[in-house]
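Each of the two complexes below includes chain A, the first together with chain B, the second together with chain C.
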Partner chain A sequence: MAPELQEMLDSKTRVKLAHNTLMMEQILGESADIVRRDLQCGGTDGVPGVLYFVDGLVDERQLEEGILRPLVGLNDASFLRNVEADDQTVIDRLLIHSSISAVDTYQKAVESLLSGDAVLWLDQYASAFVISVRGGDKRSIEEPQTESILRGPRDGFTEHIRTNTALIRRRIKDPSLRIESIIIGERTRTDVNIAYIADLVKPGLVKEVYKRLQRIEIDAVLESGYIEELIEDAPLSPFPTLLGTERPDRVAAGLLEGRLAVLVDNTPFVLLMPTYFWEFFHASDDYYMRYIAGSFFRLIRYLALFISLTLSSLYVLLVSFHQEMIPTQLALTIAAGRESVPFPVLVEVLVMETAFELMREAGIRMPKPVGQAASIVGSLVIGQAAVQAGIVSPIMVIIIAISGISSFVIPNFSASFSIRLMRIPLIIASGTLGLLGFLIVLFMMSVHLLSLRSFGEPYLAPSVPFRPNDQKDSLFRFPWWSMKTRPQMAQSADRQGNNQRPQKPSHQSAGAEDGTS
Partner chain B sequence: MGKDVRVQITSGMFTALIVNLVYPKAIGLTQGIMERQAGGDFWLATIFAILQGGLVLLLTVWVVNRLPNRSLAEQADVVLGKWIGKVIHLSLFVFFVGAFGASAISFVYHLMDYFLPDIPIYVFVLAILVVTVYALFHGLEVISRMAIVGVFSILMLNILLLIGSLKDFDVSQLLPVLQSGFTHTLWVSRQHDTDWAVPVAITGLILPYVSKPKEWRSSALVGAFFGGVTVLMWPMLEAGVLSPQETGQYIVACMQMARSAEIGHFIHRYEMIMVAFFGISLLVQLMLCLFGASLSAAKLIGLKDYRPAIVPVALLVGIAAYLLVLDHNWAIIWLADWWPWLAVPVGFGLPILVGLLSLIRYKKIKQLAASGSVAQNA
Partner chain C sequence: MKWISARYVARIAPFILSVFLTGCFGQEDINNLAMVMAVGIDEGKRPGTVLVTAQIARPSDAVGQTGAPVGGTGKPIWTAAAEGRSIFEAMRNLDRFSSRRVYWGHNKIIVLSAAVARHGVNDAIDFFTRNHELRMRTWVMVTPKSASEIVASKTGLQVIPGDSVDRLFHYSAYTSEAPPVDMRTFQATFLNPTSQAVLPRVDIVQRGMPATHKEEFGTSPQVELSRAAYFIGNHMVGWMTIPETRGALWFLGHETSREMVLHCPDSSGKWTTLEMRTSHFVITPHLLNGKVSFVIHLRADFDLVEADCPSVSSNLVLTHALEMEARIKLREELLSAIHLSQRTGSDFLRLGERVEDRYPAEWRTLRDHWPQTLSRAEFLIHVKSSIRSPVLLAVPTRPGSVSKEVIK
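Let's look at the complex of A and B:
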């Protein structure tokens, strides 16, 4: 920011209306969407004033009903001219509005104006009055695009931070739920909110998150991804250490487990921290469906993780180096399929993986109807044609397809991407050094994962280090009535009372009274 | 330990470290060597060694516990003086170089002889070095966490082997016992003592970094028991399924055992899966040997942190491992005839020596313990 502009912003407001409006215009320049409305409060003998607001950011009905009508329709403005009148007089008597405050620097006035508030200047008053009329068009609450579930709430976060905090507040009517605000971004002045439940979160975590957020010096924050990259524990790791979600129920559940959420204005993606690696493989409806179904789907996802990461590389190392390990019939089938393929299996896999990634990317980036067509053309036509042309073997198409589908089973996109990314070095190592390469890369990956932390919590917990108490919500999802305590990361352990397991009704009370027994 | 000074590993991790340190080489190469020396009594020799190893491990815990903020070598510094301390660090360094070599032989021969005969030995050694150095830079805590993964691998490996081979087990193959005589069997147990020397030496080094000293003894006991049971399963199965004579004919007898296992008719070869699990625990063992060598070298030359020593030590142990692995005959002669003379005196001798001397210099130890001597860099 230019030093002269910063100087103007930092300067104190004055009593002369002309000076204040001149300063405002010098700071804001000529912008089509910034509206200046000159007023005369209390008729011709009244107090002159100027109201500023940004067209499109304000709620016009509130503006007219709550500000313009009372100001313009004021009959007697003598109390404004009274020598004893001060800012509080204006706040108390001039405008009846739920949120109004007086500010004494241009910085605050301009910041509020650009955030969607209306700013009122009155002659002979040194303060600007900021009236909250934020509104404008915003997307309605819709089902999240990236985290579909079978059972559970259909609402998702929107781009409006207050809508998002309301979605959380609506779920947790606990007075200990805190939502604190911080502004980040020199130019964007983006609202960032930190949500946590005061008596569940460990105090050190709140302090640590604040510390990391406050050290951010950046001109713009347009999405929570900016914040994620600036506060995560392992910036060079391919694995995400913060969980981004569009689901308010997931955030609420996280807060109830002693986590902390960071909401950023203008994005529906909320960051949840600390996060364990395994949580990227959990879905919200694991907790809404019966525990058997939830546990089963969770197991399927862990299987998907294993397949997505290793299937292609296992195929490469078996076919290239360790053919004797393949059962004879299967080995003959693979050999027959590969008879006409001119490439080594490593090249074949890499070509197919690249083709798959191209199709996936095309499917996402192109307009929806075209994207679907691209996927169909890619998967059916190219796959079939490539096999018929003898460029790839049929079993290779199956391997790549299963790996690809498995990666889509992983509910979180960034985790799914990390796994897909990690299979490339695994494939190359398996194709060049066989079992040795596979073992070495997998081991290094494990060491890397074990070295990661998310806001102090070991990334692979509760498996490594092993936390017996947290196992009820890890590989399997135990019944709700058995999950008596919160995870170890929470400050307070108790979650429910004793003996929550439902019991069969006693013989007499079951239906005897209504005569059905 | 420099940056690791504040590192605290849990009792569970400590137990896992013991299991990983004793297991891989013991099932990989030791059993064949012991069979060739003790015949059918090799499984009994294994039991003798497990008992001896467990006892020395407990003795080590007892000795370190007297000054819980100092490692065994640091206690030697206090009890015997600085220069004797240097000699002990040097002997530990040589010991860990040898232990790394022994584990490297196990790693390379499993993979090269049975899966990758065309890959040159130096590639194996380089691969080991890359992984172990990478892990070591992440510190003791990460290595300890990896040991938990290693225990899971060991469990999986043993379960897979049991499933595939129990049906062929013939208990009569274990009989008669003590054919070669009690004292000879006991003498042969020194071969497996070399495997126990590694967890004993590492315990002496890292114990001050294990949380809750009150749990040290029980953790060591659990580690020794679990390590002993998982190892013992192999010689018993090898004797009962393959026969002692066949076991003795292979350098890597456990691979022959793994090859003979089959689940149904379709899965008749799954030794690769078993070797993958085995490889994880073996790499943990290799990491810890390099850790021990780097730490001893750092202490020897007076470095506060072991990390600057990692790469030079890795190069040195890499060369030593390469030279050991290069020739099968030489490797096995070294393992069977030379290695016990280095491993047992250092691994078992050091805690016994420090323990005895601390009894003699009881007053000084008591004084230091009473003054609450603060944690020293290991």
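Let's look at the complex of A and C:
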């Protein structure tokens, strides 16, 4: 920012209206959407004033009903000329509005104006009056696009941060739920909110998050991805250490487990921290479906993790190095399918993986109607035609399809991407060094995962380090009545009373009903 | 460009370079392998040489419809034979005319000709257990014909003959006429100083075929698995008969669900058949004053599966008579195996190991003259047999056996 502009912003406001408006216009320049409305409070001999607002950011009905009508329609403005009149008089008597404040620097006035507030300057008053009439168009609450569930709430976060905080507040009516605000971005001045439950979050975590957020010096924050990359623990790792979610219920559940959420204005993706690796494989309806179904779905997802990470590399190493490990009949089938394939298995796998990634990317980027056509053509080419032409073997198509489907099973797309990415070094190592190479890369990956931390929590917990109490919500999802305590991450352990498991009706009450006792 | 430091390059370079690796150590795609399904070992034409016959699967014809172009030869196997001074040399000579690398990892059976077995199996065991590509779970067998003939023969159901012989072993419990022996067991008994090896016998039989419908019956001779050969040390000594083999199977500890065909108790000359369901065989060695004796308890339960005895009125009568008959027959089989072992001095029943397990200290003196001790050993045999169930029929089938009231 230019130094002279900064100097103007930092200077104090003065009593002369003309000076103030001149300063405002110098700071803001000519902008089509910034509206200046001159008015006279209390008739012809009233106090002159100027109202600034940004067209499109304010709620016009509120502006007319709440500000313009009382100001212009004022009969007697003499109390404003009274020598004893100060800012508080204006706030108390002139403007009847739920949220109003007086500011004494141009910096604050301009910032409020650009955030969607109306700014009123009155002659002979040194302060600017900031009246909150924020409004304008915003997207309504819709079902999240990226995290579909079967059972559970259908609302998702929107781009409007106040809507988002309201969605959380509506779920947790706890006085200890704190939502604190911080502004990040020199030019975008983006609202960033930190939400946590004061008596559940571990002491020190809030301070740490604040420390990392305040460190950020950046001109713009357009999405929570900016914040994520600027505060995460392992910036070079392929694995995400913060969980981004569109689901308010997921954030609420996280807060109740002692986590902390960072909300960023203009994006529906909220960051949850600390995060364990395994949580990327949990979906929120694990907790809403009955626990048997929930646990089963979880097992399926862990299986999908294994398949999508290793299946294609296992195929490569078996077919090109360890043929004796394949059952004879299958070995013959694979050999027969590969009879006319001109490439080594490693090349074949890489070609097919590339083709699959192309198809997936095309499906996302193309406009919806074209996207469908692309995927039909792609699947025909990859499936049927490539096999018949003898370019790839039929078993390979099955392998790629299964590992592709498995990667879509992983509910969090950023985790799904990193797992898919890790496939490539595994495949190359398997194709060059066989089982040895596969194990080397898998081992390196495990060591790397073990070394990661997310805001002080070990990334692979509760498996490594093993936390016996947290096992009820890791591999399986235990019934709610058995999860008596909160995860170890939270400050307070008590979650529910004793004996929450539903019991058979006692003998007496049952007897009273049917009259047999 | 500060971030491209030497350390960064050193870290990334191996990954990028690995893409261009072509000489992957030991890498061979599966379709470049000639997968051997069965191998036969005969004596070569020149003295002191061996003839190795390998049955190699031709995948595109062995599998058929896979979407890939089929080989179109209609022959799922290709048989190659080569001679050499050693087994390995002969195998390497196969590579002279095999267009793919000969690969032994999927070999299922090893056939030794009787001539090779009589001459000595030491070399074969050494080679097949030393080689890293060959599996220890490969079936080993002896044939009185030439091994290459067995290896090259076709069978009816399975596309690949090696596979069909492999399956013969899997279902050998139904006939219980040959012991299933893999390389591991063969080697174990071979290395044991007193126990002697047993190998199953395979032969080729011409099956009686009607002149019409030749195709349906399979046009070629079939491989038959029956009886066994027994060894002394390095050399095969002779063939066992079927009762001797069946008797020996009890000692070798193989599960059985065999049938037993017995005379009807009514002297009609007709036959009844029992099927063995469960059995229990316990042998306990006893040592008294340097004399070895064995107590054998055998209990077998049968189902009555077929009875053509028109004059027998009830199952009760039938079962009582048959239980006695089965007992005698089982005892005869056991004795025939024991007598063969005692007569020839070949401990193929592995009785010495039983003594060693129970009397390890005494065994040290016994083992030096074990064949003599064995030939003088006494056997006490207790056989129990019971017919548990006549399966679905409550009364034996005979004309007019059900009265009118029952029909009503």
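Quick note on the criterion: the second predicted complex is superposed on the first by the 505 of 517 C-alpha atoms of A that agree within 3 Å, B and C clash if a C-alpha of one lies under 4 Å from a C-alpha of the other, contacts with A are read in each partner's own complex, and residues count from 1 in each chain.
Operating definition for what follows: contacts are C-beta pairs under 8 Å (C-beta built on N, C-alpha and C of every residue); 3 or more make two chains touch, one makes a residue touch a chain.
Owing to the predicted nature of the structure, the values given are computational and were not obtained by experimental measurement.
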Q) What is the contact status of A:S446 with respect to chain B (first) and chain C (second): first, second, both, or neither? A) first
(Q) Is A:R301 touching anything from chain B or chain C once the two structures are fitted on A? First, second, both or neither. (A) neither
(Q) Quick one: is A:E324 in contact with chain B, with chain C, with both, or with neither? Answer first, second, both or neither. (A) both
Q | Which superposed partner A:R420 touches (first chain B, second chain C, both, neither) | A | neither
Q | Which of chain B and chain C A:R259 touches, first, second, both or neither | A | neither
Q) Residues of chain A touched: more by chain B or chain C? A) C
Q) Where does A:S340 make contact in the superposed view: on chain B (first), on chain C (second), on both, or on neither? A) second
Q. A:L460 contacts which: chain B (first), chain C (second), both, neither?
A. first
Q. So, does A:L433 touch the first partner chain B, the second partner chain C, both, or neither?
A. both
Q) Both chain B and chain C touch chain A; at which residues? A) 321, 324, 433-434
Q. Hey, which residues of chain B end up touching chain A in the complex?
A. 10, 12-13, 111, 115-116, 119, 123-124, 127, 130-131, 134-135, 138-139, 142, 145-146, 148-149, 266-272, 275-276, 279-280, 283
(Q) Going by the contact rule set out above, which residues of chain C touch chain A in the complex? (A) 15, 18-19, 21, 24-31, 33, 35, 37, 57, 59-60, 62-64, 66-71, 103, 105-106, 108, 133, 135, 160, 163
Q) Given the complex with chain C, which residues does chain A contribute to the contact? A) 319-321, 323-324, 326, 328-329, 331-341, 344-346, 387-388, 390, 393-394, 425, 428-429, 431-434
**Q.** Complex contact set, residues of chain A against chain B
**A.** 321-322, 324-325, 327, 433-440, 443-444, 446-447, 450-451, 458, 460, 464-466
